[in-house]
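Okay, so chain A shows up in both of these, paired with chain B first and chain C after.
What follows is the complex of A and B.
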């Protein structure tokens, strides 16, 4: 189910002295099976925009089509859209509200009027996908979960609705490097095996560099860049201008270039950087002349 | 010499009626001197936050003791506890949990007001704290209009206005964007350098820990290693065992060393890597 946005504007507290426009004339299209990183500094409009992706916001100015259906059309089944486009919020505590993990994950499919057998099957599948052991965690109290486990439980609750699109807002914030890797591996698996369209909203350039195919960069309510990961991340000046830091490997390549070495800046991981640096060291000369 | 903060064989066990007791701290011996700039790193669940809450007596050790300028945090004298909380200030991950007034300068004034500081002195301290953190121009703003990074600076200013000897920050940058993270880190460097305030900074981000003069690694309730960053971050086996990242520049240097290139020892920062590569290239 593709998502199409046309000339979208959003203003908070419209018509009051506190009105603040958060989105300016946004147009974009997200196709099935894409893996997208949505990046930008705080308050750039990322979360506002993504709440249009599953019709939590309905446009007053501009249009949003999800699977070809206009979300502002009264005949569109918004509840169905929200089941199909799952949203995982930054703070899992805003999302988990039942007492136990099992009850929480069951909530979505129960609303979808699934049979008890179907609900049971979906809970098992969702818990397995996020790596929470069914026997251990099904009856576990939400309060007895660690930060990383809560995030997994929140994702499982959304997966149990069998979404076609998954929006993940800051899911790695507050997790340690190991927890981050584990949760991102879960996301990668969902994209590859379940063919779910994933939109990853993140502050971590290293995370998006490692995973996504396409990056949309936002600043002050506008889209300032949109393209393949390698291309967007290698535009170091543009990222720094809006207060983002390129992945460190790219910063290293950039500084080497400033010292006059001929290396490409578009590297996405340590392996690629090492191979480029070795190539540079083994090339006789290799330095551009300064004068 | 007298230490500012001293952990002596401190342990802490969480007891709850739901789950078995969990020993979160095991035999912690840690000493912090005046003006130190210390980062504590460790994976989730390693005991970092439990440790942080011991620095000013929010938690007291189950066995062993924690001394702040020689006074035990388990002291039953309320005056002494008050002194401890004034000397060691705390900043938490989410500034919304810590900010209580609606206007910036009112929030910063809250601490000194409660210490019974005279109004003129409060005014002076608030202005000083706001200026030191570069948020003086927002003093009359509503806190809800600030970015998360700015809110965290207000929380730090609130602690600074109590004139602490040490500020303990428990993952203060975890929810911030890169710009906010940089602002907080730069402000702390300045407070440490210009005001001589000791900083204890708990983080997951190795890229932040490399800026500190001393780094302690926690894992499974113990301090596994404690020393200058160039020493800590070259112990790759220890960091990997704790599930932590090695700084990217150090990883690259290590990989290049493995391929037979004579890289300079102890590379942590991008500049150091680039300089080492420049030297190498000029010799080839």
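What follows is the complex of A and C.
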């Protein structure tokens, strides 16, 4: 289900003295099966924009089409859209509203009117995917979870709805490095095996750049850059202008270039960087600049 | 879905008008006095003057009028219900039947009572809102505490009481925000809020209230920890960063308030209620 956004504006607390415009004239299109990183500094409007992707916000200015259906149209079945576009909130505390983990994960499938057996199966599957042991955590009180476990439970609650599009806001925040890697691997697997469209929202390039195919950067409510990962990453000046650190490998390549070495800056990981440097050293011109 | 948009109670609207800068004791005692007066007001003329006075306060505080009045909106359905109730079930002696419908009869006395009561509730809410819009939390606490201090001799814990009252007031917007978040989380997983008839809409609220209460308790718990970790041990022996002082403007305000009150009392006594 493609998501199309045209000339979207958003103002919080519109019509009050506390009004604040958070999005300015945003247009973009997300196609089936894409793997996207939505990246920008704090307050840039990422969470606001992404809440239009599953019709949590309905546009007052501009238009949003999900699967070709206008979300502002009263005839559009928004409930169906929200099941198919899963949304993991930035703060899991805002997402978990039931008392136990099992109850919370069961909420979505119950609303989808699944049979008890199917609900049970989905809970097991979702918990296994996010790495929460079913026996241990099913009856665990939500408040008795650590921050990282809450995050996992929140993701499981969304996965249990079997969405076709998955939006993960600030997914890596609050997880330890290993937990981060595990969750990101799960997301990658879901994308590859189930062909789910994934939108990862983050402050930092380092987590996201390695995974996604396309990066959209935002600053102060506007889209700054949108394109294939390599291209966006290689425009280091644009990233730095909005205060985003490019991944460290790219910074190294950038510095090498400034020192006069002819290496490309559009690399995604250390392996690629190494092979590019080796290639540069093996070409006659490159060696000269080494000396 | 933006619950907090129509919320004005418990929100501070920063400014530097005379009204903002008055001693909080003046504002709190003044508001209390006005509300007491409001409870005795029972004719349209007096209410007209009251509304004009409230309007003048809003303008003087440079609060956008639309914003101040917006806060009244969420109360309208309840007021409408109470109004209808009064029309059909209040029958003050000597009132005449305007019309009957099914088994219900509406009287003109009931109509007047309903209308006067609605105006009273609206004005009461508006006056409280003006107080909280122009007075910061710290000022509210300090002012309430100072006003309650004479009761300390009767073993009333003035400081704690003031703090509790102010926290309760300031929690209103926080709770509304919290409710908004819970509604959003449930919407994201397939609850369709705001659709269906009135009864269905009310029923949708129950699954929101439970987590809301649990969160409120947790929040209170966290606040206690925060206060204790900053060595709060209750009211005794606390000193103030800002000592309250009456200024010239406070005395002028009292003069204006007393004049207004006098006028209202005359209006209340001289003009008979419309039923």
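Note that the second predicted complex is superposed on the first by the 281 of 291 C-alpha atoms of A that agree within 3 Å, B and C clash if a C-alpha of one lies under 4 Å from a C-alpha of the other, contacts with A are read in each partner's own complex, and residues count from 1 in each chain.
Going forward, a contact is a pair of C-beta atoms (placed from the backbone, for glycine too) under 8 Å apart; a residue touches a chain by one contact, two chains touch by 3 or more.
Please read these numbers as outputs of a predicted model, since none were measured by experiment.
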{"item": "Chain A as common anchor, with chain B and chain C clashing or fitting", "value": "fit"}
{"item": "Touched partner set for A:148, first chain B, second chain C, both or neither", "value": "first"}
{"item": "Partner chain in contact with A:42 - chain B first, chain C second, else both or neither", "value": "first"}
{"item": "Touching partner for A:179 - first (chain B), second (chain C), both, neither", "value": "first"}
{"item": "If touched residues of chain A are counted for chain B and for chain C, the larger one", "value": "B"}
{"item": "Partner chain in contact with A:107 - chain B first, chain C second, else both or neither", "value": "second"}
{"item": "Superposition-derived minimum Cα distance between chain C and chain B (Å)", "value": "6"}
{"item": "Overlapping contact positions on chain A, where the chain C interface meets the chain B interface", "value": "none"}
{"item": "For the chain A and chain B complex, residues of the former touching the latter", "value": "41-43, 90, 141, 144, 146-148, 173-179, 203, 205, 243-245, 247-249, 251-252, 255-256, 259, 261, 270, 273-274, 277-278, 280-281, 284, 286-287"}
{"item": "Residues of chain B defined as touching chain A within the complex", "value": "18-19, 42-45, 93, 147-149, 171, 174-180, 204, 206-207, 243-245, 247-249, 251-252, 255-256, 259, 261, 270-271, 273-274, 277-278, 280-281, 284"}
{"item": "Residue numbers on chain C that touch chain A, as the complex places them", "value": "2, 4-5, 13, 63-64, 66-67, 70, 181-182, 184-192, 207, 211, 214, 218"}
{"item": "Touching residues on chain A, where the partner in the complex is chain C", "value": "12-17, 51, 54, 56, 78-79, 82-83, 87, 89, 94-99, 107-108, 111-112, 143, 157-158, 161"}
